[in-house]
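The same chain A turns up in both complexes below, where it pairs with chain B and then with chain C.
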Partner chain A sequence: MAFRISRTGLLFALIGLAGLVLPFVQFKPNRIVPGEGLRLFEALSLPLGWIIGLVLGAVLIAGCLERWPAKLRLTVALLAVIAVTLALGAAATQLTPPDNTLARVSPASGLWLLLLAFTLMLADAQSRITLGLPIRLAMLTGAMVLIAVILGSGALDGVSVMREYAARSDLFAREAVGHLALAFGSLGLALLIGLPLGVAIYESPAMRRPVLGILNILQTIPSLALFGIMIPIFGWIAANIPGAAQAGVAGIGLFPAMVALFLYSLLPVVSNTLTGLTGVNPATREAAAGLGMTRPQILVQVLIPLALPVLLAAIRIVLVQNIGLAVIAGLIGGGGFGTFVFQGLNQTAMDLVLLGALPTIALALVAGIALDLLVEATGGRPKGGQA
Partner chain B sequence: MTGRVLMAVALLFLLAFLASPESFAPLFEPFTRNNAPAIYTQTGLMSLTLSHLGLVLLAVIASTLIAVTLAILVTRPAGREFLPLARTVTSVGQTFPPVAVLALAVPVMGFGAGPTLVALFLYGLLPVFENALAGLTGQSPQVQEAARGMGLTPRQRLWQVELPLALPVILTGVRLTAVISLGTATIGSTVAAKTLGEVIIAGLLSSNTAFVLQGGMVVGIIAVLIYEGFQRLEQFAAARIGQG
Partner chain C sequence: MIEIQNLTRIYGTTAVVKDVSLTVETGQIAALVGTSGSGKTTLLRMINRLVEPSAGRVLIDGKDTAEIEPHLLRRQIGYAIQGHGLFPHRTVAQNISTVPRLLGWTQDQHRARVDELLELFQMEPADFRDRMPHELSGGQQQRVGVARALAARPDLLLMDEPFGALDPVIRAKAQQDLRDIQRQLGTTLIIVTHDMEEAVTLGDRIAVMDKGELLQYGPPSEILTTPATSFVSDLIGTGDRPFRLLSLTPVAEIIAEGQAEGAEIPREASLRDALAECLWSGRDRLPVEGGGIVTLDSLRAQAAPTARAAE
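For the complex of A and B:
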């Protein structure tokens, strides 16, 4: 029988082969000047670069053929992603002259394209096999452990981003905690206020339109504007309301950022609470009332458990959104990974930008996938389709 | 009705403010300190607004065209193979923070309007694509059957049946994209794009609350107006296909 060409495989091969032709890394004499691009073959010492390049090329071309078992493709694509990552680390170590602390080896377009090609291959293979929840959870955990092992092993220590990290590992830990505090703190606040508010507008339908309308408008205000407006408001409160400054309220720092994120989170929490509660079959409610349960009992023991998947979906939206938006806090002195992003942009030090942007993306991805799994485990439909 | 009046008032206020910002100076003076200027004059507010809107408009049109085309392609028999992948990519891609996308575009594009435009375009693809996909795949088989029974060719079915039916959902996606782009473009000024973010950032750097307020106010009003405008369009499109 004839071999059929897989169109998806062809797309991945085109992307990946372009990645092999374009510069894999950039060698820069110091962290700010533009550098010289080196292809995968040139970036690694003689036999190694060619071997890795040829193997990756062979995998890409073989991927064009139809009728590969999806599980095999998944494994091969995963191995290829790891190989590309390790090749980056090896290239950085080999290219940096010993005792030179100024030279930087940064990832370049070829590397990104190779990673893109193989992650797409991975995603495509994964979307074609239906895996059970426990296996997908194990895969997520496995991926996180794998990343931790690679980072911890020092294999990437020569890469520019990791050198920026080494120069400020204490600060990184602090900003990471700050970022998480912003994202989870604002989520907590939003649940604390949003859940009761959602229940309240469920109980009194007349309030639904005005409340949701106001929250909608809040969500529409661009983040930078909202963050900016919080500063004078809290500055004024700190200066004019006795006791506020002592309680930690201040115009700059964590507080205004937290409140801005909280305001953005209210709409998803309130509207999903309402959707979840109204989605419960009225007969169920009546049955509970017939059993002699009081209104609060019905709410806590019947309605909220039934609405749980929709509530979890709201938590997913809010968490992913806030992890991303928390970057902007870096612009107003609120801490978080945004500090590195904006410092890097100011100094035109792109490795520093990456040091802020990559962990943010990773955090958002993990939060999104983990909560999708959780939504599915509680019987809801994951927001993001296949995770 | 009150909504419509409020929107008209907001629009008039915005136009008046942009036409002659100086006459609104007394409104912003209470927010300045040490005799700092009450109105941002480094660059005209009108020209900043126009360049901000231009950037957003360009990005939204580009991402809408590409995203709808892609959605049509993956829902045709020839492109079905890409459908599962497309779904995964959109759901994962949307967890990427817009700010991070913007920051990552800088090393590739350099500073200026370029990276902002690319980031807005890339990020804008996802909501439109997701909604177009939902709109095109969520149609009842009976309608398709009827269209086929009437003897419509695949191309006619697409233009006369599928796209009109999907239009309200697609417009919702475009609305999401437009609102997100408007906000992300503000942050574009940190990479030297000419947008209203410049006013807000100037205010933050010089602790001039008046600047922060006027920048935020202009972007905020535009965002709300665009949001409302699109909702009207969606209602109109839904009414046309008998779902209003």
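For the complex of A and C:
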């Protein structure tokens, strides 16, 4: 009988097999010098490395066949991701000589490719199954718990990134709070200003072009250029206007970072507010007015509830965008995970860069998925259309 | 009584409604008929001030509507539109109780009113109260739309093509139900339609509009027998004229003495129904329920404008 080859499976297999051939980890005498690459077979003690390598290879090749049920594929891919992660931890523990605090074992290209191959397989399998909202919410929570358990178990403590973490766990907690404050604070500000602005340009169509035009221009200014403009302006204000410095205005630090993120958030919030409101069926609006609702009543009782899915979509865009963008705040002393990224870049310590980058990516992913689920939960009923 | 006096609406340089005056007596149905762009909808929307008149005024029971806050005015006037405009995020009960809640009725009051209206429109309250609009058929949505318009017991009800989205069978039933409910409640009703058939079926008075002007305003029989302009006769359509005329009178009004064979026809059936029955069953006289007959000759006499004029 003929076996059909899955094209996506073939792609994942090529990526993953390349990962098995390329170095799995890098062993470095200290955190800055370039190190020696070790393949999965070499990085782990003798039978273990070969067993894991061969099993992963077999899974990748078997994944090329069409005949796998999606749920089985999902489970296998998830187990493979966990296996690769634990193999990294084991390799780090085995390779680091005892009592040596300088040597580092970092993830290398092979590990990243293996993780990429299996997470792609995971995502591919998941997209083929239609799962209900509660199950997907449970899956998200489960994934977070799993990560917490693996990190908490100490299995990865030998890995370079975790060693960097161990050296700065207090700082990490502070920067994490700072990062969240930047992302959520700028989102809150953008909603506070952007929602009324969106409603205002909905009410007076003549204002739409100029307002959206200005916000569009703001959106296109590169973040570094924006800081370049703001540093002298806010610096001058802080120095010359009484009370400004006490109120937190400063050329560098948290204030300009917050302002920049806020400005970037305005366009998505304002334009989605407008889209959501104009998307409401005119007959519904007409009926609301004809029944004797006042303008504020129409807005609060009819338009905003019906525009809610589009507004939540805006919050999703802004939150994911700002979690990523907040890294740049590290450059001007604004705090957040960017602090580690830029420190690491300055010291050519890639492990420190990862300590900033990995949690940022994880945060953005979790925020994005969680809000997607929320959008779906509220958008389940038909929007303002001919119900 | 609704008095529309010299009402005009100008957009830019075009007059969409030009100097229209008409009066609707309390408890009557006035149908505004015209092609699209005739200004009939704008005229209707000026009555509840969704559109502000450029000139002229509207008096409801002698009171000038310009003196009432627009949203307070609208809460006193029922309003139902094509495509019903139900709030898709609210249940049937919440939709119907919109105006009572705006008026600050107690929960007990508006709940009782919702059930009363659902029963009036032959929808089982326990079954329909908590449904969402998208869980209803087109005909049910339309009925909920009218129930919502009637919720606060308005003396005046405005309807803009309320049956436009319904298929012909449901539409005829909905028209009949509306007519019955209107008679029962004594509500004054002004309805906009592009369909002369609907206007003749429902209207005590028909106002024909074209290019913003009121061409003719009178009872259906007058519009049918003596159209004021060629536009009005075009709108009536020469082919259907006699049948529309017959549809205005019930059988009860032309009963003659005598005996006839075959199935009886109800007293409240229209002459049009009687003619159709004669032609279909090949009879030239029909027995009427409760005694008497109706003859093909008498039907023929009623179908011509000259006969009516002679009466």
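In this text, the second predicted complex is superposed on the first by the 379 of 387 C-alpha atoms of A that agree within 3 Å, B and C clash if a C-alpha of one lies under 4 Å from a C-alpha of the other, contacts with A are read in each partner's own complex, and residues count from 1 in each chain.
Please note the rule applied: contacts are C-beta pairs under 8 Å (C-beta built on N, C-alpha and C of every residue); 3 or more make two chains touch, one makes a residue touch a chain.
Just so it is clear, the model here is predicted, and its values are computed rather than measured.
Of the two partner chains, chain C is the only one that A:V302 touches; chain B does not reach it. Judged by the touch definition given at the top, the superposed model places A:S265 against neither chain B nor chain C. Contact with chain B, but none with chain C, is seen for A:D124 once the two complexes are overlaid on the shared chain. In the overlay built on the shared chain, the residue A:G338 is in contact with chain B alone; chain C does not reach it. More residues of chain A lie in touch with B than with the remaining chain of the pair chain B and chain C. By the touch criterion stated above, A:T273 is placed in contact with neither chain B nor chain C. Looking at the shared chain after the overlay, A:V353 reaches chain B, while chain C stays out of its contact range.
In the superposed model, A:S160 makes contact with neither chain B nor chain C. Note: residues 383-387 of chain A belong to the chain B contact set and to the chain C contact set alike, using the contact criterion stated above. Taken in their complex, chain A has these residues touching chain C: 281, 283-284, 286-294, 297, 302, 305-306, 381-387.
By the touch rule above, chain C contacts chain A in their complex via residues 48, 50, 71-76, 79, 81-89, 98-99, 102, 132-134, 141, 145, 148-149, 158. Those residues of chain A that touch chain B in the shared complex are 6-8, 11, 106, 109, 120, 123-124, 126-128, 216-217, 220-226, 228-229, 231-232, 235, 320, 323-325, 327-328, 331-332, 338, 341-342, 344-345, 348, 350, 353-354, 356-357, 360-361, 364-365, 367-368, 383-387. Residues 31, 81-82, 84-85, 87-92, 94-100, 103-104, 106-108, 111, 179, 182-184, 186-187, 190-191, 197, 200-201, 203-204, 209, 212-213, 215-217, 219-220, 223-224, 227 of chain B are the ones touching chain A in the complex.
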